[in-house]
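The structure under discussion appears below in the form of structure tokens.
Chain naming follows the written order as A, B and C, and within any one chain the residues start at number 1.
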């Protein structure tokens, strides 16, 4: 009997799938290794942030492995990180988490800048008690029912809690503020923070509008904004290219007030797109590691970074150092590789020593659970195309 | 005919038996995702069988996902009631816009499906109080236990989507073989001719569109309760385009085509993890290669290999 | 809100509208003559911007020369894409659509691989602002407006009066009759593709110094082009001009007076047109 072609077709299908089923072979060695996962946007939109995180985490990884590895109760473990690309997309992030948790069996995951990715991944990490160290700006990421998630980077809430009081102190004559944000998840959550914190600091919000993602011509929006005569304009939620364009177009339209954003930027690119004269005086949350207010830890980070990655130095990276830095401290302090014990150590410790100096976790009041890292907020101004550090402020986050 | 049925039956058997062989949640997840897309994409194929190319299918998945989420979380319904209701709501929305737009043919119809998909997405994001806005809606509960089977592991989800896919398959095959299927084909081949022999083409186009979007709604509802999270970025124009790609790569000519397309195109990103930056390029190349070498889709591969040229 | 404010809103709308016209005209041309929705059109626009960026920033070529070169490069690319990818599916409606989508994805993906996702910019060619009736306009924008008008005039002139332009219109109206008259359909299509791509490249070249350049520009551009040509009428150049300007004004006034809801307006307009006058403002059924 001739076997039907459908039959062969199906066998072929099953075999293809079958090859895939075999778990990846791993070589055993005498060295003890701790595998961790990392889910970041490594390609496509958002790759700037993901790759920045990768660079910073790699600096710490090499430092720890250089001294023999993690010290866990007397035994040394080398750190191995499995990097997965979420492409800033929740479905892809979730599939990546599936692989890391169910295939690679990691117990610690460093994660994404996209709140959608984190929200899609948490239903996997929380029930499986996997420590998930995250970023993103959304408030819903940290809630009391998700004890295994810690946020390792400041959000707009904390950054602006540092920067707005500083604006009050430094520019007491400024009274009105206008907001421009993109119509997307981070734009929305950031605008809420901006409004609340601006009003807490006695500023009056005279204008707030969202623009369609992909817009490059902001004239219609800015035209209306300028008429409201704001003293300064805050566009924290906009991506860096848009920020530069907004600044350029504001100046073309004759706006003379201050421009401000609670994000880090790369001054070279920013000034290239906006124009050096237009960018003059722009305030941001970037820190020039070669300038004032720099700690010893940050100077060492700079040297390590240059040794590993070479020129040019990416000023966006330092804040991502905390991911692995704090995890390493927590594991070594708890003497265990069990995520639950590490989590408890992270809850209990009052202070951490980081490249930014002392840091702690806070946020019981704002988020309902103490899972948000609090580090000093840096403020700098663009002068003649260069960053000039203007100060630092530690936000309070009860 | 019997040969084809034998092949289909073997796939079903393998699918039913699979969890006995492996309970690896990673693999189960891949198969569940395949099931979700297969169910949805069968709807695309059904709509295409009347000659209409839909560019907005993901929007109807979104309607199903959000409807189900709200019915369970706000109205307190059981998932088992919300699930079929979501399909119906999706079909209803489809008919709302479908009715006036199905008059329109060819490329204009495709554009309008696309425009409406964007409008649905924009409605979702501009109604944050009800629909969660850009941030989406987290903490969607899993389906309530059915006959004391609790949905805490992957396996119940797997069998559920398998059952749903199978039912969808049966519906599709039945329709194809019946009088309705013949009418759909006649409308696709030449609607003026069909009309001239008294067929009410509007009525049948509406039926196809409604049923197609019903299945989109079902798959969207499952998606939401499986991911425990729904967000407008799950249902963008790109997702609609992928739905189309899944059908065309698998082969629109056969009922099994959407399954093949969903299966392979769910697997490929997993294989491409090592070369993640190349993924968009590889997808594009696959699509182009299929259009050139296998215009009937993957389903025609064995026939092609044996030297028969299939025209689509 | 005084007179100068309204003038500014109007001028903003004009600028935005002409941007859309530049991008949409080539898209409309291809549909009109080849009956193909060329989704890759947005990617040609993006590549035109990149070509200009590379020529100006990496090779130090003069901006205007770079623009002309970019137009030529993209035109050649358009011809190649037509010859190898579009022609085999010339009369198949659904496959053409899919192939166009595939090419769009391919070009976008390759651009991302080659250029990376960071925004790039071109050093300003014209600086300074001037005031027109109280409304502010940067010199860069004035140049874009002037060039857009010149290009559209040239295109309209060409289609109406030149021999090959008339051949194109003949092919658009009735392909068989045109072929019977000895007009080479394939060569007409090739020429059409070349012109359309050159227009996309020109749009990219013109707008690149104003904004920034990254591989994601294409998707946004082709979506806008789709909205414009649906409103104006698929296949009509006056339609693309009218549709583009209309969309520009709607968005300018919308963003100024209605706020965030503006994003949805474009698509609502598309729906209205498709439901009540599917051929668009200037199209022919």
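Quick note on the criterion: a contact is a pair of C-beta atoms (placed from the backbone, for glycine too) under 8 Å apart; a residue touches a chain by one contact, two chains touch by 3 or more.
Everything quoted here is computed from the prediction, not taken from an experiment.
Chemist: What topology does the chain contact graph adopt: line, ring, star, complete, or other?
Modeler: complete
Chemist: Between chain pairs B-C and A-B, which one is joined by a greater number of C-beta pairs in contact?
Modeler: More contacting C-beta pairs are found at A-B.
Chemist: Rounded to a whole Å, what is the gap between the Cα centroids of chain A and chain B?
Modeler: 35
Chemist: Averaging over Cα atoms per chain, report the distance between chain B and chain C in Å.
Modeler: 33
Chemist: So which bits of chain C are touching at least two other chains?
Modeler: Chain C, residues with two or more chain partners: 112, 260, 263.
Chemist: Give the residues of chain B touching no fewer than two other chains, as numbers and ranges.
Modeler: 277, 279-280
Chemist: Which residues does chain A have that touch at least 2 chains other than itself?
Modeler: Only 43-44, 183 qualify.
Chemist: Which of the residues in chain B end up touching chain C in this complex?
Modeler: 48, 53, 100-101, 104, 106-108, 110-112, 114-116, 118-119, 122-123, 126, 237, 241, 244-245, 248, 277-281, 283-285, 287-288, 291-292, 295
Chemist: Name, in rising order, each residue of chain A that touches chain C in their complex.
Modeler: Residues in contact with chain C: 43-48, 183, 209-212, 214, 216-217, 219-221, 223-224, 227, 240-241, 244-245, 252-254, 269, 272-273, 275.
Chemist: For chain C, which residues are in contact with chain A within the complex?
Modeler: Going by the criterion above, the answer is residues 1, 5, 8-9, 12-13, 15-16, 19, 112, 116-119, 121, 123-124, 127, 129, 136, 138, 207, 210-212, 214, 216, 219-220, 251-257, 259-260, 262-263.
Chemist: Name, in rising order, each residue of chain A that touches chain B in their complex.
Modeler: Of all residues in chain A, those touching chain B are 4-10, 13-14, 16-17, 20-21, 42-44, 84-85, 87, 89-92, 94-95, 98-99, 101-103, 115-116, 119-120, 122-123, 138, 140, 145, 183-185, 187-189.
Chemist: Flag every residue of chain C that touches chain B in the complex, lowest number first.
Modeler: Contact set of chain C toward chain B: 37, 85, 88-89, 93-95, 97-99, 101-103, 105-106, 108-110, 112-113, 223, 226, 230, 234, 260-261, 263-264, 267-268, 270-271, 274-275, 278.
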